[in-house]
């Protein structure tokens, strides 16, 4: 039976390779993606509209800011779902293993982590703050920041990491990120524009309309970064201990 | 390169320009090739050595030095002038080397410890001799 | 000239990655695989710098290489930690069973 | 020209690593091998010029995904070694 | 006082990463360095009894130590290369585990010693339990080299000058 299933796989694979011949050449200016009016509009106008050199950040945080906001909400909901499910299952069947092992932390690993965690954190802030000029942004910075807390949890134990970043504070920070994002959108709505129309912020900030968009994008990225940091860490803390928040990996 | 030129004029311009300082570039080429030679040692060791612990010696050492040499070589090759910007780039690349200097021995030690504590890994010379004969 | 150097270096690195992938494919124990994974992770940082040189934008690609240099050892630590925990859990369970048998 | 050569190598290694990740029985090993898959994907994105995607792949692949997978496996029972 | 040193070190790091010197980016750097100092200033410099001058001297001695260890790393690689490539080296290989006690007291010095041992020819630190180091070595020659204690002495000179004089 296992060998029989190889036949449809091979047929479909051959068909896919055959169909791949019709693809446009890689990077060709005649491909449909390059010829659509949208991309040429973005390439021509992002620099003028927002003064952000990195087009991807401009598109993500400004032109389709509504979409990105709900992506952040999806991340938030995913974290909350994991928390809710695991909390319930932890109560129902209390424990399969009766023992909690407290392994002593390794000397070399803890010293390396001592040296590296501040550097990782400053790197995550750098990634977040320079999303406009180089690749990066809120999501990447948040992930690196969450990884630094996970590293602390891995080298000592989960309690040490939770003492630095308690789980109830995690939830608050995650919510705060979304509120920051939506708050900037609402603020620009109250100032007379549309929802998430950052240019209106020039009324209260001492900068031009283009630079207002630039700075608002930074605020939005900070919101995304806060949410992602908190959710990544709480995801690890809950998954490794089945929601009980002690012992674990 | 042709297609890249068509799509990204900025990138293509930078590629065409591609400056550099000749004597520094020669040193950079030499360092890069030296790094490749040491990495060849690692690669051959990974295939040829008989058991996990000896392979660990090959991987843990050759990896650090070859990466260091190659990155240093590229830092010299890409240096265009002695302005502040290019110096910062060199410092940044050397920062990677510094981080690797700290992290590589740590991960080697962590894997070694894990293998040592796992019961399934033999350590005696007799086992090694057996494997050599095979 | 820089282009040619980068292409030759990158191709050589990819060629020497083949032994590592062979080790991943054959590797008698899981640890051999992890070792090869570690080596490939370090070399990825170098390859990113090489690709950056080919594009002429090393300043941009160096960020990735820093991210790899800082985060690559996480997987090794996780594996070590996991095995440490499972082995000590197994030992404790065996001790507990022995106690029950005695009783 | 160089980028096409890199493309070929990356795709080749990618297929091999994906096959290994399917073939391996041990969950721990499979998740670690998946790490290599994400390294190679990051190289592929970077080489195609999709820089932001490559950065996301780099941070998530190196920092989070392996850790979360192994944390989950820790709460299952380890079945077989290879 | 130590938080200020941490802040300065982190800000140097930021400048190397960022490479932009306008007011906006420097201000962002100051803000993020303050946040990181607040979050994790207790991680760096575990032992806080030493004064600033002693720290500076230690740092200078450590910088002098780096070229020596780099040369040792090169020798290590030549050794592994020889083992991997020649038939004679392959036969000579007799792996074993060596145990010895160290004279070093502080954790950081032990950490530097362990990593230096891992980087030098044919030796990898396996376990540290208190003062005892368990080390995996490749051959008899390397074991003699390790037990002569040259690296340990060098590290002790850097971090604990008092210990060397006592022994």
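Each chain gets a letter, A, B, C, D and E, in the order it is written, and its residues are counted from 1.
Keep this in mind: a residue touches a chain if its C-beta (ideal position, glycine included) is under 8 Å from a C-beta of that chain, and two chains touch if they have at least 3 such contacts.
Not measured: the values here are computed from a predicted model.
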item	value
Centroid comparison with subunit E (C-alpha atoms), farthest chain	A
Highest-count interface - the chain pair sharing the most C-beta contacts	B-C
Most distant chain from subunit B by Cα centroid	A
Centrality ranking, top chain (CA atoms only)	C
Inter-chain centre distance, subunit A versus subunit D - centres from mean C-alpha coordinates, in Å	19
Distance between the centres, which are taken as Cα means, of subunit B and subunit A, whole angstrom	29
Separation of mean Cα positions, subunit D and subunit C [Å, integer]	10
Subunit A residues counted as touching two or more neighbouring chains	26-27, 106, 108-109, 112, 115-116, 119, 123, 127, 135-136, 144, 147, 150, 154, 249
For subunit E, residues that touch 2 or more chains besides their own	17, 19, 114-115, 125
Touching two or more other chains - residues of subunit D	1, 3, 49, 51, 54-55, 59, 63, 67, 70, 74, 81
Complex interface listing, subunit A residues touching subunit E	106-108, 111-115, 117-119, 121-123, 125-126, 129-130, 133, 164
Subunit D contact footprint on subunit C (complex, rising order)	3, 6-7, 10-11, 14-15, 17-18, 21, 24-25, 28-30, 33-34, 36-37, 40-41, 44, 47-48, 51, 54-55, 60-61, 63-64, 67-68, 71-72, 74-75, 78-79, 82, 85-86
Residue ranges of subunit A in contact with subunit D within the complex	26-27, 54, 56-57, 127, 135-137, 139-140, 143-144, 146-147, 150, 154, 232, 235-236, 239-240, 242, 248-249
Of subunit E, residues touching subunit B in the complex	16-17, 19, 73-74, 76-77, 80-81, 83-85, 90, 93-97, 114-115, 118-119, 121-122, 124-127, 134, 136, 138
Residue numbers on subunit C that touch subunit A, as the complex places them	59-60, 63-64, 66-67, 70-71, 73-74, 77-78, 80-82, 84-85, 88-89, 92-93, 96
